[in-house]
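What follows is chain A paired twice: with chain B in the first complex and chain C in the second.
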Partner chain A sequence: MAAPPDDTLAALLGESSVLAPAGRSAAAIAELSWWLFGGATLIWLVVIGLSIYAAYFGPRAHDEAKVRLLVVGGGAVIPTLVLAGVLAWGLWLMPQVKPPLPQGAVEIEVEGLQWWWRARYRAETGETAVPVANELALPVGRPAVLRLTSPDVIHSFWVPALAGKMDMIPGRETVIVLEPTRTGVFRGACAEYCGASHALMSFAVLVMEPAAWEAWLARQAAPAEPPASAAAQRGMAVFTEYGCGACHAIRGTEADGDVGPDLTHVGSRRTLAAGALPNTPDDYVRWISDVHEVKPDANMPPFGMLPEGDLAALALYLDGLT
Partner chain B sequence: MKRRARTLLRRLSWRRRLGTIGAFLALAAIGGFVYAWAGLAPISARSGHWSATAWFLHFAMRQGVETRAAVSVAKPEDVDVADPALALRGAPHFAGGCAPCHGAPGQARSAIARAMTPQPPRLESRIPDWSDEELFWIVQNGIKFSAMPAWPAEHREDEVWSMVAFLRRLPGMTPAEWSRLAGLEEAAPAPVREAALAPGGPEAPGGGTRLRRLVDPPIGEILAESCVRCHGADGLGRGEGAFPKLAGQKEAYLHASLRAYARDARQSGFMRPVAVGLTDAQMRGLAEYYAGLPAGPAGAPVSDAGARALGERVATIGVPERGVPACASCHGPETSPWYPLISGQDERYLALQLEAWRDGDRGGTVFAQVMRMAAERLTDAEIAAVSAWYAAQGAPMRR
Partner chain C sequence: MEDRMEDRSDAARREEIPDELQARRETIFMIPAAPAIWAAHFLASYITAAIWCAKVAGRTGALDGARWLVAGYTGVALLAIAIVGIWGFRHHSYGDATVPHDFDTPADRHRFLGFSTLLLAALSFVAVLFVGMVVVFTETCR
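Moving on, here comes the complex of A and B:
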């Protein structure tokens, strides 16, 4: 069986297994999970063994004191000890999973919205915050503090390979710390049902070497480059003409909308529409003209009425915003 | 003796009585059907009704209207039927849609209408018999078997209320007042208007008015008979806040809107009857005519500083935290030719449209969904503020 090609959405969004951790707290959680799994297997074997013994090797009279010891010990004492042990371990883990906010961390404000992710990298050197959407990048080996909010309904921020879940609750801020331990691409998703397109609310987390990450952040902070080809220039004119800038910002142009995702570097992202489509010019056309077929109830109106040439030019322009 | 009495009683048992009644009813039904089948039913409109029939039909109609109006009609809080602008909005439609059958001050019912059964009444003396809600119900729903049609646009209750406002003013209205309200004089050739319309423009051959000159495409008659009665020959909506201004609007948008009215994609009992009769060439001609007129002056500036600031904010920044985009990103001279200009438009018209967009009752061109989604989260205060703010803006420079 051939491996799936690399441009499938699953491949684009990256790893998403809790059993292959790539972050400190995810590793701690994975370790606990393995112990739980192993312990549970052991207990299961013992219980099944006792059942088989009782069914096939009885019945002979047993010493009543020993039986009482077995019932009380195996039925009450051992479970209490095991559960208390697991609880203690869990409590002991908590500070690691939700550590005090580390110094020198990357600081990101993340907003979960129906059905996408808005993020702002807090400036490190007095510059203004860098807005991005639906894709995060983190330097390996350095903690990142994510301040989570939601303006609409409850969402939950979850990157299974990096850490546990954290709810995003309207009206309050929650915090999660990610400490990636290896580079790679890791899938994040909303883990709290939040409406029609909840299942289409994913994002990729790119974990990079520190130097590569610095370059990525500088790139995201830079304004968009002017379109190169004549067709892309037409696409830019279409963007303005049909009012796309009312909702979307493209820094370096007049477009400064703050309703939908910042598109300054949309062409550099691995996926479109929060993991709903891959990112090729054809996907832009599909998304823009048929929004609700791709993503039911999304807050963007479909623009399928645009002339085909205009749509193609617009797609080319957006795809070139790398 | 006893036996005979018992037999009689048995004969008169309920069962027998019901059987007799049933047989009688079946016979009557068959008789009625044969009567209709043979073509004997009196369907001639010439003969009118027997007075007993007429009384019963009127009785049933009046009771029906009273009951239904009481159950299903509630006057919105912001509707004031004494509002002169509201009555003005209904008047030109009355001239085209109602007066041919019901007559108007100084205007008789048509001879054709008077040959109908039932005969459409003159309304002046009848209006006081009905409440506002009952008048609304009649105009909205029409009366079956009387040739009184239902309102052609189901969701335009605002239009029906403007008809009610006009009907309230109808009793005692003089012919001169009627003529003014209905806009019957708007198309009259007036040298002053001609000068105002085309300053420095070429004189029409034979010294005719600008309206008359519009023979190619042939829209002069439509303008005079329909458009100008509401929108004015200068496209400024007669300046009383009852009708939208069209002067200087984008041509492609006007054309697309006329098509939307004709297809019923944008509902209006006022516009649809006019638009369905137009050819595409006429629509293009009308769009070109109104697009070519100079836009009017801005409305009064908003006096309340808070409302002014809110209106400006919604227009230029939007309300991003609630997903409301900035109006100005689409509504400007540089944007798509299908996006209308709204600067300097009448405030009440803007507010009415925004409410309809927000409530999902407004259709339009193929771009309608864009506006519907933009407006769906506006609050009442934002609608009021942004409508007033745009009304106070001067018309933009056209590209």
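Moving on, here comes the complex of A and C:
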């Protein structure tokens, strides 16, 4: 099977530019970046201008007092003042990028694993937490507090358009606050090398209007609907028969594994295998039958030995779990 | 060419050497004094903040007490570095040995020690200010 063109996946995972911010702290960082870029350009022009002047227009002896002023002023005093200014701006920015935890925020626990993302939306009204995987949704204009951990190695949580990076460290909880300012789909990635498939560990963040987000969360909280078609029912039987439920949970069925991603609504996600493949029945077949061709060293064993019909039925079943 | 270098060298060696410098024992330890104060200030600030956040305020607590302590360290460090810098400036101002002060004469040695001390004190002064700036803007242990 041909690999999907990269731009298909890129489109599914969404925007990922720090220069087109969609979050409060990303906007602050982008503004600082533009000032740094502008300031660096100005300094570059002055230095190059002086070099050209010295080489072509004024290659003669200059007044020593003025030269000393230029060397000490331009070489020591101005750089010190510029660095002090930039440092002050950076230090002033830090509490905004890492604000005190806001009240009334969406609370999400996120675990980075080799090589996927497990998340749990903390219940707001005493209901149980909502588990999701490899895709997050956030309401626009409302802060979200993400508590980050890792059970294996160090990962780093980064949604470039929304905020800076935050490491996910085994044995420790770190916190990042995302505050999306416009709707859209934004790509998240692991920003700390974490093993063979580090580069295949992405996720999409769907930023929605609050009402749409409430509906999304309610949908994710609901158990899976029983398969409608006969083929999908056969797929469900295959899922049970081959023991997929030992690692994967599909709420509403007897599958309650906790090793791999929750698959209750896997068909609703934009991508498969943490941003490694688009989400079509063909991609399920490709992933399940040859896991390591798609994602080297992943924990899931390949099930290439399944009869083709079973594989197709399984793919149909999973794709229907919306 | 070599002859001329020799001439220049000899001329410099014959520069007027104040009698007082002939007998003086110079110390090299004023050169690293200011950077050492900078290092001590950094370490003290870092350890204070670390202990404060681990034992007193908690990981998300306020930094207040530690900020005042670091402000105090900064004042003391800046004063000490200023004194070292003034010492260096006085040494450098004495005598008329020419730059870059690299001859093995008492006059050159004297001005060299003073100038190095002065420049490193200036660097350390700015560095301590930069370290101290952190507590101006940082209010919590987060």
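The rule we apply is simple: the second predicted complex is superposed on the first by the 315 of 322 C-alpha atoms of A that agree within 3 Å, B and C clash if a C-alpha of one lies under 4 Å from a C-alpha of the other, contacts with A are read in each partner's own complex, and residues count from 1 in each chain.
Please note the rule applied: a contact is a pair of C-beta atoms (placed from the backbone, for glycine too) under 8 Å apart; a residue touches a chain by one contact, two chains touch by 3 or more.
For clarity, every value in this text was computed on a predicted model and none was experimentally measured.
Enquirer: Clash or fit: what happens to chain B and chain C when chain A is overlaid?
Expert: fit
Enquirer: Quick one: name whichever of chain B and chain C touches more residues of chain A.
Expert: B
Enquirer: In the superposed arrangement, does A:78 touch chain B (first), chain C (second), both or neither?
Expert: Once the two structures are laid over each other on A, A:78 reaches no partner at all.
Enquirer: Between chain B (first) and chain C (second), which, if any, makes contact with A:87: first, second, both or neither?
Expert: Second partner only.
Enquirer: After lining up the shared chain so the two structures overlap, which partner does A:98 touch, if you call chain B first and chain C second: first, second, both or neither?
Expert: A:98 contacts chain C only, not chain B.
Enquirer: Across all Cα pairs of chain B and chain C, what is the smallest distance in the superposition, given in whole Å?
Expert: 26
Enquirer: Would you tell me which residues of chain A are touching chain B in their complex?
Expert: So the residues of chain A in touch with chain B come to 151, 240-247, 257-259, 299-303, 305.
Enquirer: Contact residues on chain B for chain A in the complex?
Expert: Of all residues in chain B, those touching chain A are 318, 320-321, 323-326, 329-330, 334-336, 339, 366-367, 369-370, 372-374.
Enquirer: What part of chain C is in contact with chain A in the complex they form?
Expert: Per the touch definition, chain C meets chain A at residues 60, 126, 129-130, 133-134, 136-140, 142.
Enquirer: Going by the contact rule set out above, which residues of chain A touch chain C in the complex?
Expert: Touching chain C from chain A are residues 80, 83-84, 87-88, 91-92, 94-95, 98, 100-101, 175.
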